[in-house]
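Structures given as structure tokens follow.
Next, two complexes with chain A in common: one pairs it with chain B, the other with chain C.
Then we have the complex of A and B:
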């Protein structure tokens, strides 16, 4: 990239039931982050806020986020799509050379304010799909899972194994809102079907929460932390909205987003060069589709990856040591949380979920039905 | 003051009740008129020859206007399906009275898959590759719902 940009620090807060106002949650989180880094809001050149108007129920949802986030009279802008786009946009602003420090904050109160499945209903084409009531977040996801099973001979049990691993990992993550330290595929199998093969425990839990990160140009980052996490590459790609026109079993847009990020980061063999990946999967079955598209595993290998434990914490390619979207899914900010989890890994702050010696991490994000839009960021402990 | 002391006890319930009036455009209008004659109309892209149902003016891949109308179906093949155990009612999951089939159907002559309900076959017997045919409302009402569902062909 044209200029060295690093993430200085991250902060997260998550709950399955927020009992304070959203603004108070943001104030505590951001003020706490400033204190941790030892700066004030005046040290931040640009603010990028990330939330969803429809979910918040307020056009220009950031109107009441500016003040608690310290953006009063500052250079501020808003991103409505998934939080990784906010992180990428923030990075681009720093790359422009016009900013040396930036704050990015994403939040959602999808557990207490509004229903994520309804937000997704309102993403449907209003003049056709929304009129008929056949497609929704769960039916489209189930069709995508079935497409993968049909193409590669995968079994529902493979997805249940993935869900169990993520729920076990979530037990090591202090921010997770749902976890089970001894989860097994049998536990997932015992939970109710929504649309086959989706079972309740293999779907994301509704979550209230927020994630904040401070980014800075290289020189400034080194003044603010002794462990900067360098942004080496990023990319995104958007597929068509129409699920009936896509090969749902694979993700071409995730592959292209990955290729764009890898090119910038100088990654030619992702499975070897990446030490840990945080993939945005709303449902367990999405993890293999996306991680395979990103070149972390062979196409159609969900069963083998699960049975050999390749994606486990101690495996050859650990995926979502945080528990990913099955431990907590901050609607809108989820991609930002994936970046923050990579930062925890690369700073060696992931506690029991630490992947030892992690130097290069991949964060992935998605938006839309069946992960229509995909984004990737590659992060590293090494500068340059 | 700590967050604990500041706990809110009340929730402000704020309904937003409004209606959007979208123009559906000539393509969906023509599709609906076709359904009123128990015909399923698609459009063909001059660039990649894909035949899209329901019809849409633009091909994303080719960045071209799809302008050749073709009749497709009424029979087709189930390419993918799921068994629904629930309904989503304004974003709330509710248990369905009976399990039902949601499928992606490839109509004869189309390249895109049409999301549809399939009736007349038990969820345990449905399979990919099954031939189905469109069932229209009788009498038709000149609406999208005129294409009611699919059922096994023959």
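Then we have the complex of A and C:
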């Protein structure tokens, strides 16, 4: 990359029932972040906001987000779908040399939204899939889970084990809205089916929340923090729209996004060179599909990874020490939250969930049915 | 300044009130492939796609980029969508610029679209207002711009009159006669405008833009590719963006500060000191006739209060010293999400010398402007024939 760019600091807020206006939530979050870093909104050259009209119930969602985020009379733009796209765009703006300090903020109000699953249906093709009424967020996910099970002989219990680990990890994350310190696969099995084979505890909880992050050029970042987290690589890729056109058991677009990011970051053996990964999974079964596509584990190894605890906090490749999407899933902001969680790990601020000696981290994001669109960012404690 | 980045090809669809033959991805594909053909490239030459749409509620499809991107023939590949309301087309072009300026990508396809016939635009726009304070009174865009136009007229009376707005409508519809992509191509007179039915005082029907289906696209490339593929690229020489408050009482709508600041940012980057003298052509986002005068003042193309004089003098005519809206402007075609990119497309075409019958001679520097949200977002892009 043509210039060194770092993340200075992050802030998050999450709840399952927001009792203040969304604008107030954003103001408190962003003001808190500025105070923590010791700057004001006037130190920010460029603002990149991220939200979704459908999910917040507001045409041109950023109309009322600019002012609480400090962007009044400032250079501000707005990126849709996942927050990681906003983080990647912010990085590009900094790389261009036109900006030195930038703020990125993603937010959504999934828990306050009237029937969030209904909102998800509006992603479907309006003339065919939506009219048929067969495909929706859960039914497509169930098909994908089945596709993985059929292709690799995985069991429902493998997914329940993953869900249990994520719920245990979430108990260590102060931002999580759902957790269970002693969760077992049995607990997940005991929860209802939302859609066979998706157990409720293996699906994401609706979450209101936001995530903000300050990014800066290398020199500026070092002025603002003792522990800048360097952006080493990034990539994103979208797969075909219709779920029937894809091999749902694997993710070609996640693989391509990863390859691009690894190339920039100089990573040839991700399983060895990455110390911790934050994968954006809405459902437990998605974690193996994506982490395998990213080269963190062998294809079809969900059962082995679970039984040997490879993805556990003390495992060889800890995945989602934050609890990931099962602890809290803020629509649109979720990919940004994964980046923020990597920042907490690399700054050594992850508390009980800290992966000791973490130097290189991977954050992943997705949007679309069955993770049609995937993004990857590789972060490191080391400059250059 | 960043590494040099240029527009090397543009594409548009014919703007019409209703496209029944194609759906959203097909319309976007039509514009995208035309831009690639104009640049002499294939879909496989593109490294990334940036998509812009104004409120996706207009078509009722969320995450439309996931629907559209595969239709552009580069799947799997990198895609991002920008959404900033009315300015989105320009914000998409600017995002394309930063994709290349960052060094992360070499050739980017930026596309923006809207298919307004798939929904009810003014319902969608009314949901833009604050649900508690404003939405009960909200009445789409004309009501807001009616207030803006009244504020402008009152401030500068009698130097600016309703007839001045009508003259803008006449000029831009006349320019549209030369633009094969324009939707409204009909010669009108000041008397026609003045006698057309009222929409939101002082706006009359012919002071207002139509609603359109359509898409626009630009191929944006690094210096190396631009030099190889385009004899006369339109170089990005300045970009500016500014956002202000969504609440009407906070905004000086007759001279919006967000527009002034976005212009300052772009002029500073492009080393422009006297825009009225140094620019050769300007495309401003006049969804309603009076807005052309308001933007020209805020952009420094004439002094505050002299908008009436500007249109009266013929200086902004196609054969004037500083032609404004040579394409026929938003008054002639308005696929909302694409409208701001159409301004960039026209400005780039003027610099590239590819504007056909509405080409202005000897264009070295062209400006594209847009506004969005509750008259709170502004963007300015300057294209130049040299780096």
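We take it that the second predicted complex is superposed on the first by the 382 of 384 C-alpha atoms of A that agree within 3 Å, B and C clash if a C-alpha of one lies under 4 Å from a C-alpha of the other, contacts with A are read in each partner's own complex, and residues count from 1 in each chain.
One rule holds in what follows: contacts are C-beta pairs under 8 Å (C-beta built on N, C-alpha and C of every residue); 3 or more make two chains touch, one makes a residue touch a chain.
Worth saying up front: this structure is predicted, and the values here are computed from it rather than measured.
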Touched partner set for A:136, first chain B, second chain C, both or neither: first
Which of chain B and chain C A:97 touches, first, second, both or neither: second
Which superposed partner A:362 touches (first chain B, second chain C, both, neither): neither
Which of chain B and chain C A:253 touches, first, second, both or neither: second
Which superposed partner A:166 touches (first chain B, second chain C, both, neither): neither
First, second, both or neither for A:78, with chain B first and chain C second: second
Touched partner set for A:39, first chain B, second chain C, both or neither: neither
Chain B versus chain C as contact partner of A:87, first or second or both or neither: neither
First, second, both or neither for A:66, with chain B first and chain C second: second
Touched chain A residues, chain B compared with chain C: C
Interface residues of chain A shared between complexes with chain B and chain C: 57, 119-120, 126-127, 240
Footprint of chain A on chain B - complex, ascending: 3, 6-8, 14, 16, 20, 22, 24-25, 28, 50, 52, 54, 56, 60, 80-86, 88, 90-93, 102, 104, 111-117, 128, 144-145
Chain A residues touching chain B - in the complex, by the definition given at the top: 19-21, 24, 28, 57, 114-121, 126-129, 131-132, 134-139, 142-143, 145-147, 150, 192-197, 240, 242-245, 248
Touch list for chain A against partner chain C, complex: 1-2, 47, 52-55, 57-64, 66-67, 71-81, 85, 88-89, 91-93, 95-98, 119-120, 122-123, 125-127, 234-241, 252-253, 256-257, 260, 367-368, 372-373
Touch list for chain C against partner chain A, complex: 1-3, 23, 54-57, 59-63, 65-67, 69-70, 75-85, 91, 94-95, 98-99, 101-104, 118, 124-128, 130-131, 240-246, 257-258, 261, 265, 269, 372-374, 376-377
